[in-house]
Each structure stands twice: as structure tokens, then as C-alpha cells.
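In the two assemblies presented below, chain A is common to both, partnered first by chain B and then by chain C.
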Partner chain A sequence: MKSGTRLENGIITAFTLIVGLVWIFPLYWSFLTSVRSEENVVTEPGIVPDEFNLSSYVDALFNTKLLTWYFNSIGTAVIVTVVVLVISMMCAYAISQMQFPGRKLLYLVVLASFMVPAQALVVTQFILMNDLGLINTWAGIILPQLIVPVVIIVYKQFFDAVPKEMREAAVLDGGGEYTILFKVYLPLNWGITTALAIVTFIGVWNSFFWPFLVITSEDMMTIPVGITQVTDAFGIAYARLMAVAMLAALPVVLAYLVFQRRVTEAVMISSGVKG
Partner chain B sequence: MAMLENRRKKNLIALSLVAPFVLTFALFFFYPTVKMLELSFTNAPLIGDGDWVGLDNYRRLLSDRLFKTSLINNGYFILLTVIPTTAIALCIALMINRLSGRIQALVMVLFFLPYVLPVSVVTEIWAWMLDFQFGVLQPVISLFTGKPVAVFKNPDWVMPVIAAVTIWWTNGFNVLLFIAGLRNIPVDLYEAAALDGATSRQRFWRVTWPLLWPVTALVLTLQLILQLKIFDQIYLLSAGGPFNSSYVLLMQVYREAFQLNHGGYSSTVATVLFAIIAVVSVLQFQLLRIGGRR
Partner chain C sequence: MGVRLKNVRKSFGTTQVVHDVSMDIPTGGFAVFVGPSGCGKSTLLRMIAGLEETSGGQIEIEDRDVTTVEPAKRGVAMVFQSYALYPHLSVFENMAFSLRLARAPKAEVTRTVGEAARILQLEEHLDKKPSQLSGGQRQRVAIGRAIVRQPKVFLFDEPLSNLDAELRVQMRLELTRLHRKIGATMIYVTHDQVEAMTLADKIFVLRDGIVQQAGSPLELYDDPDNRFVAGFIGSPAMNFFPVKVTADDGTYLTLTTLGAGNHGIRSVLKGARPEIGTELVAGIRPEHFELVDGGLPVRIEVAEELGDVSYLYSRMEDNTEVIVERHGSRDLLDGKMVGLSAQPEHVLIFDRSGQRLR
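Here is the complex of A and B:
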């Protein structure tokens, strides 16, 4: 859609850029706050960087349980991501490539569970976790997050699209179903696998409601839950609060910036809109 | 006989492939769903058994003023977010679509970045931006009201502000969907329209808008479902207050279960929320199918 004069395009570009910068301003402002001294933050803060003081970061890292929360977040997010991908991939492969009784019903259940709000289930999930003695454990955080129907749906679409000849050749070579899945179908779909892995990881890292319910001990908290405790501990200390916020956001922001195109791809595909 | 044996073996392999998901699903998703329905007919506390009370909880809902407030607030929040975020995202996507190369990639990052932040980071950033004493946005608010406003403690301000924060946070996702939709519109349609002498306004309403409608419908319905489930931002910014002016359904589910120890009644509210979302989802599915997706 190339239209309009050069001047018009220049104006649109400039305008869009300005709107974008305004949009990101809260993040910029928070970062600026985090690298200022507490006094400077409340006296006369300008919108240009004037100080690069990392003392709030040091304070945030060593005077809170941030490092423990990082450990819990990374551990649970990695486990959830890996398990979700593996069990969803296996299930999608069976639905896509094999004939077995109940295949259609299973896919219907997957599609239907896509519509069920997991948030409505927190009470009974909590009771179940309590019965299993998993309150305040990693397993308690992980288990209810393992059901991500959309991953199965996306994998099924991709497996459906693999040419039948690939499968026939693999069967002739005497490969079993597991071999075919992990040696043929998975390598053919590495692209979508990494894309799904990154968005699943970001999603799990950011999940708040469930970890907030199932964890009450500060030592077991994940980052998004833990940092809400800091507000109480620090009191009114904006630079330190913002330093904590920046550190909490860092891993997902990095993951997004590094794998930008994969994230975009995964978001579009899992919403059913092809880019 | 050998074929039958073979069939059996194949079924077993298939079973072993689907079993991990099916078992997880059954235990941590299906069972809690059934249990929620069951509890909604009892007066059980959060932990422990209760008595069967039939439809009592549901009857109680009808006269529960807090439930009514929650429903209204959920509706108000939907009004404040769904159409505004869709319109804003569409405008931004149209602007980004006019750009190209690196500058386009950069602007996309600017709009999408908030979406990857954890909710508690988002709320802390905005609590600071809007801090009563030192918030950088208070001078802007003062321009309109003449004085600073403690937005999260003010019944008139709290919902619109939380809605604005939510739009800031999640809008990038919608922008992305619109950009994908815009890219799917064949360029020759615009060329044909230009040849016919269509103005840019005509091009938008005659070409872009109708062809983009499936994506618009998708964004609208996804947002509708998402905003029905609102909890995190409200809990962190205003905890449902002041005077319950930001109390929503999921907040009631949480309070009844975890603070008032009413597992049964909480499940009743959850069941209603569940039903509302299920109905909306089915409508979404139908709407998108009629919209001729694929």
C-alpha cells in the first residue's frame, strides 16, 4: 500500500514513532527512576538521564529474596515449558498421524478445553493440591499449568501439513512411531517448536494468579508473586521498587528481544491468523 | 489374527502417546471442573467436607448485592476495554503498516514490549507513574482536575485507570493480530481500487475494513473473554476497592474461598463465571465460523 507523497509518508513515520515513544515512556521512566538515588527521585526528577546509580540494584539483589525467586521462576518455567511441549507434541502426533479409538473425541475435548477458563478452577485445584500435600512446592506451581490446549492444536496443524511421503519412507525404514515423531516430525518442525517454547516460557514466567494462591512461603515464591512482597518490605522507596521491577522483567524482555520474530510468529499462529 | 494383533499393538502405542496429556488433563483439569460443580451445591469450607444444600447457593446469588456489584463491574470493565483496545490497536496497526524496514520493526517492539511484562511489574510501574505525591502523571491529571488525584482510592477513577493500564499492557498482542490481518490483504485489490480512482477513505471502508473483519471479530471476542477473567491488575492496584467499586467476579471467587473460607459458595460464583465464559466462547466460535474464517 504505497501511496501518498514523500512528505506525507515522512509525517506519518514521524507521528507513529512519537506515539510509539510515548507508549513506551512508562517503561523508560521506571528505568530512569531505578538508576537514580532515592533523594533525586523525589526532589526534581527530569525526563533526561542525569545519574547512573546502581545502588538500588545491589540493594534489590542482595537485600531481598530476589535471587531465590529467580531460581524458583526459572526452575518452574523451564520444567513447565519442556513438559508442555513434549506431552502436547506426543498427543498431537497421535491425533494427527494415527488411527485409534477415541481419536475424534480426544480432539474435541482439546478444542473444548480451550474454551474453559482455568481461573474458574483455582479453588478446586487448590483443594486438590492441598490433598496431595503440594502447597508451597514446585510441583504445586507446575502441575495445573501443564495443560495448554493451544499447543496441541498448533502442533496438530503442523503435523497435518507434513507430506505423507515422509512418513511412508520412515515406516519403510522400519521406524516405530516414537522414532518417526522424534527423528522426522520434530526436526521438520523445529521452527514452530522454538516459537511455542518461547511464548510458553514467557507465559509461565508471567503467570500470577495460580502461583500466588498455591505459594504462601516467601522462599517458594516466583518472581511475579515475590516482588509484590517487596513493596511491603521497602516501604516507600521508589528507586529500589523500580530496580526490583526492572530485574523481574529482564528475563522475559531479553527473551522477547532476542527471539522477536519467533514470538511474533507464535502469537499469530496460535491465534489462528497467519502472518 | 496377525492383523488383529498388529491393530492392538498400534492402539497401545497411540495410547502411550496420548496418555501423559490425558492423565494430566483428567487429574488437574477435568476433575477440578467436576468438583467445582459438585461443591457449588454444598456449604463446604475451603478445606473439608460440607453438606449438600441443593440450589441454596444459587438462590443466595440472586440476592447477593456483592455478586450484583461484581457482575456490573465486570460489564463496566468490558465496556472500558474491549472496543477501545480494538480501535486503538487497529489505528496503531494501520500506522505501522505504512512504515517499512527497520523503523517498522522498531516501532513494533515499542508497542509490543509491555505485553511481555509480568502483571506485577506492570502494576508497580503504573502505581509509580500515578503516585499521589511523586507520580510523573499527576501534573497531567492536575491539568484537568486542578489537583492531584489518588486514582486507585477514588471510586470514579479506579476502573477507567485500571482499564487504561490494561490496554497499555495488552494492546501489543492485538496490534500484532491486526498487522497479520493487514498483510493478508492482497496488494492488487488496492491497486485495482486506486485505478478506479478510490480515495484513501474509500479504500479503507471498501477494501481494508471488510477484508479485515474476521481479525477484528477475533480480537473483539478474545478481548471479551479475557476481560471477563480480570483479576490480577485489580487485586494488585486497588484490591477491589474503594467501596467495592472495582470488585469483580473472580475477586469474589478468591475472597469467598481464601479469606472467608466458603469453598461451596465460592464454587457457585466460579461456576457462574465458567458458564458465562463457556457461552461467550461458543458464540465466538460460531461468529468466527460464519465470518468465513478459512
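Here is the complex of A and C:
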């Protein structure tokens, strides 16, 4: 990149800084709120830190079902991520590498389902889950989230790009389709699988609307749904609400810090900029 | 018989790319399929490997019908032009891959891979990844991966095309040595007739999915069945020019060049006699020309002097190009007019459809 004049650089830096501040402000305010006492939040709103009171966190941890919600969130997110990746990679492999009638049609169906907004299906899905007796169960949360066309599409593009001779070499070496997929193709680039896993996991972790509909029992809630339960007799308990929100974001933040580069890559791959 | 094809055919959709190919390759033989790009060499090889289904006919390996047997169970191993090494595995694991899939005992894996690595001088590279190797070394790993499987038949699809000229010559020699050492049947595909001549016991010249001629390198060189084979084998290529039969004494035909000065040349013919006046095509290899007074007149445009040999790029009166090869000559001939002649047994004749008259 060409480096501009000092003035240009200054303007750019200032602009970036302002945008950064705008982005960070809600987080900052949430954190500030979460460490103030409930009365202060309501009576003396402000953006200057004035106390460091962890009582909301203690309360969130011990007087709400936060730990249960954590467990539900982690459990459903891990299961969805694993299942989505496994079925998507196998589906993409079949579409990309195997010859069978209806292969093109199948891919068109996948592409088409990519175009249908998830919200459009919510009512039908809810009725289906209800008929299956899966309201207020993990299965009810998990099943409708298992179809992620973009993961199939990304995997298919990846497999399409593998040279044909690689597959043939493996066939001659005695490899069946599973061997070729798991021992040759996936190891060619674990980065793609890691990236897709992260994106899927974060997506499921943050999903609110569907779990909110399908779960009514506090014991089965995931964290984002659980947050709606943090009220007291006087209405919304802001400090506790924010404490729960902080704790809810924690795993994603940690994951981000650990896999920073991978996440950036992942977002680019799945938004089609790259890959 | 190492490999036997009986009336093998292949079509992609409605296009037939291999027509009724039959051939016998003895156990331990080194066969080369040679022909221009797109003639169906790779397709034929891939059918033997089982990577392409056979549209008709039968393929036998060591007297077993394998036409519908899956690739891994045919006892063949293949070396690809792109090498197709597994980039995420070390050299050792690349070679061991098939053994691991077959759940071979650890000691056997170590021994077999070690042996292949020794033959191919890869021992010090076993822990490296393919990306850390040179082209020649990658090629060796690809061959090693084939050796480890102890196949009955090795299949090579233009394995040297990605190497530079010098390395190609070296690997060619190594392949010959390897063949002598292992003694397995090998089938090798190339578009390069020099590779075919140097490697093969038996060459199959293919054109448009049809075997034009099969035989030892020298049989094809000395006694081609048709104009295509005559022109394809040998470098520089055989010279062709149109002629007309003007006399026939029962042994020798007298031919007159058409369009180029009505010059007479003679050829030997044992078989059926063409009628006087028939138009044919004469073929003479560059090294079979002699420079004589009163011979077929040509003008030398460029003379390439390589020391031991010189190539005279010349034109007849009607502009037909003629290449002459001379040995040990020191005459400076650039731009001169010279006369050419050839011994009658070195003047091959072909009918208008390209079939050889013998």
C-alpha cells in the first residue's frame, strides 16, 4: 500500500479511532453496567467508571441458571458443529467427486436452500418439532440448525480444486471413498475445516430466535435465551443482565483470541471473498 | 502373458476414442504407447489401470480377466505425470500409504519402504514433505510409491514431461535400469518418440485410437507399415515426396519425382506391382541420402554443423523440404545446389492412402 502524506495518515488514523470507539462503546457500557450496583445503574447513569462491584456476577452465577444454560449452549453448539461439518463434508464430497444420477440436481437443491431465509421456515419447523415431541429438548434446538448450505458449498469448492490424479493415486493405492475423504482430501487443508468449525460454532452459540421459540423451560435454555430471564420483581435487572451477557460472550471472545487469524480467514472464506 | 488386450474399445458419450485395440505384452516386457497428443494413449493406459471403464473387449493381466476388476485389485501401480504425491504426508508415508491401507505389519512397512528408498536413492529424504523435494526427487517418490506395492504391471503416463531436458535423459536411463532390476512388466505412455525408442522392447504407435503398428524400436524404424509410422518414428523425420511409377523390371521400380524436375530414383519392391503411371509417395530418411553429381537437385538453405553430424535443410525445385544428414563432413554447403541419391532399398514407397508397398 502506498503511504500517504502525514495529514492523510492523521485523518485516517483519527477516523479509524472514532469508528473503533463507536464499536467498542456498547461493550464498554455493558461492562461498566455489569460492575455497578443495581440502584446506581438506574439512578446515576454515566459513562465514567465509578465503582467495581462484582455482586451482579455473583448473583448471575448463583441465583440464575447460568451454569445450566452454559451447559446447554456448549452441548448443543458442539453437537451442531460436529454434525454439520461431518454431513456437509460428506455431502460435498459426493457432489464433487462421485458419479451418480441426480448429482447436479442435488447441488442445485443445496444452492436453492441457501437462498431461502431461515425465518421463512420457522413456523413449519416449530410445528414439525412439536409433532415430534421435541419442544424443550436439545434435539429440538439442534435438528433445524443442521442444514448449513454454505458449509457444503465451501467444501465442494475445496474438493473440486483437488487434482483428479490425487484421487486416482489414492484409488490405486487401495483407498475407498472414506479413506480418500478423511486421509487425503481433508488433510490437504485442515485450515478450511477449522475455519468452518469456528464459524459454525459461533453462529450456533449466538443463535437466539430458534432456541427462544423451541425452549420454554428454564432448564433447557441456552445462554442467549436465558438472558431474557434475568429480571427481578421490579422489571429488568440491568446490572445482572449485563453480567450474564458478559459471561455469555466470554467463550466466543476466548475462542476469538485463541484463533484470531483463523476466525478472520473463516469469515472471509464463508462470505466468498476467498476460497 | 503380462498384459493382453482383446478388441478393447472406449467411447466417451458418442465419440469413440479407442478402436478395437488388441495387443500382447509379455511378462517382464517394456511396452511404450506413443502417438500424437489426443490419440488415446492415456485413455488406453487408464483402462488397463481400471480408472476408465472399458466400453468393449477384454483386458487380461497375467492371464486373469480384469476387465471389471476394481483398480486396486488388478495388481497395477501407476506413476502420473503430475506425480500426484500426497502433499501432507512425508516421503516415507507417501510410499507407505498403500501398505498402511492394507494394514501391513509395521516391520514389513519399514522394510519395504526402506528397500524402495534404497533403490531410488531417497533414503536421506524420507522425512521430508514432497514440497521440499526437487522435480526429479518427486518423480522418484512417485516411482517408489509404485514399487512398494510390488505390482505385476507398472503404468507410466508421461512421467518425465515435467522434468528439464537433462534430467529427462538421466531418469530415462534410471527407468531402464529399474526395469532390468525389478523385471516387472512396464507400460509407458509418451508423445516423445525418442523416449519410446530408448525405453521400449516393444512400441505401439497409436493414432486416433487405432494401433498403427507394433514392434521393436528398430523394426518400426527400418520397416514401417505406413507413412504415419515412418514419419513419426525417427528424428529428424523421414522425407516424403510425390512420385510416379515410370518403369518396373520386376525387382526395381523406377520412380520420377512429380513437380520437382522429373528426376528419376529407384526403389526395391518384392510384392504386388503397381501399374506404370501410378502416383505414389516416396520416403527417404535423412541419413540415407548421399551427395552425388547428377542426383536429385536441391538447394541447401541452412546447414547445421554439430561436429560429428550435419543437417542440411534443403528444398527441391518445387519447394518441397528435404532434410539430409551427413556424418564426418567438413564441406561448407550453405546456399549451394547439390544432387541427392539413395540406395534403392532405402527408398520406401507408400500408396496414396499411406500404406507401405513392400
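Just so we're on the same page, the second predicted complex is superposed on the first by the 246 of 275 C-alpha atoms of A that agree within 3 Å, B and C clash if a C-alpha of one lies under 4 Å from a C-alpha of the other, contacts with A are read in each partner's own complex, and residues count from 1 in each chain.
One rule holds in what follows: contacts are C-beta pairs under 8 Å (C-beta built on N, C-alpha and C of every residue); 3 or more make two chains touch, one makes a residue touch a chain.
For clarity, every value in this text was computed on a predicted model and none was experimentally measured.
In the overlay built on the shared chain, the residue A:12 is in contact with chain B alone; chain C does not reach it. Once the two structures are overlaid, the count of chain A residues touched is higher for B than for its counterpart among chain B and chain C. Looking at the shared chain after the overlay, A:87 reaches chain B, while chain C stays out of its contact range. Touch criterion met: A:173 reaches chain C, while chain B stays clear of it. Touch criterion not met for A:133: it reaches neither chain B nor chain C. Judged by the touch definition given at the top, the superposed model places A:163 against chain C, while chain B stays out of reach.
By the touch criterion defined above, A:249 reaches chain B but does not reach chain C. In the superposition on chain A, contact is made by A:23 with chain B only, not with chain C.
Legend: residue contacts after superposition of the two complexes on their common chain; A:191 is shown touching neither chain B nor chain C.
Contact residues on chain B toward chain A in their complex (touch as defined above): 10-11, 13-15, 17-18, 20-22, 24-25, 27-29, 31-33, 35-36, 39, 46-47, 92, 95-99, 103, 105-114, 116-121, 124-126, 128-129, 131, 133-134, 136, 168, 173, 176-177, 179-181, 183-184, 187, 190, 194, 200, 215, 218, 222, 225, 228-229, 231-232, 236, 250, 253-254, 257-258, 263, 266-267, 270-271, 273-274, 277-278, 281-282, 285, 293. By the touch criterion stated above, chain A contacts chain B in their complex at residues 1, 3-4, 9, 12-13, 15-17, 19-21, 23-24, 26-27, 29-30, 33, 41-42, 45, 47, 86-88, 90-91, 93-95, 98-101, 103, 106, 109, 113-128, 130, 143-144, 146-147, 152, 176-178, 181, 202, 205-206, 208-209, 213, 223-225, 227-228, 231, 238, 241-242, 244-245, 248-249, 252-253, 255-257, 260, 263-264, 267-268, 271-275.
Every residue of chain A that touches chain C in the complex is listed here, in rising order: 163, 165-166, 168-175, 179, 184, 187-188. By the touch criterion stated above, chain C contacts chain A in their complex at residues 49, 51, 71-72, 76-78, 80-82, 84-89, 97-98, 101-102, 145, 149.
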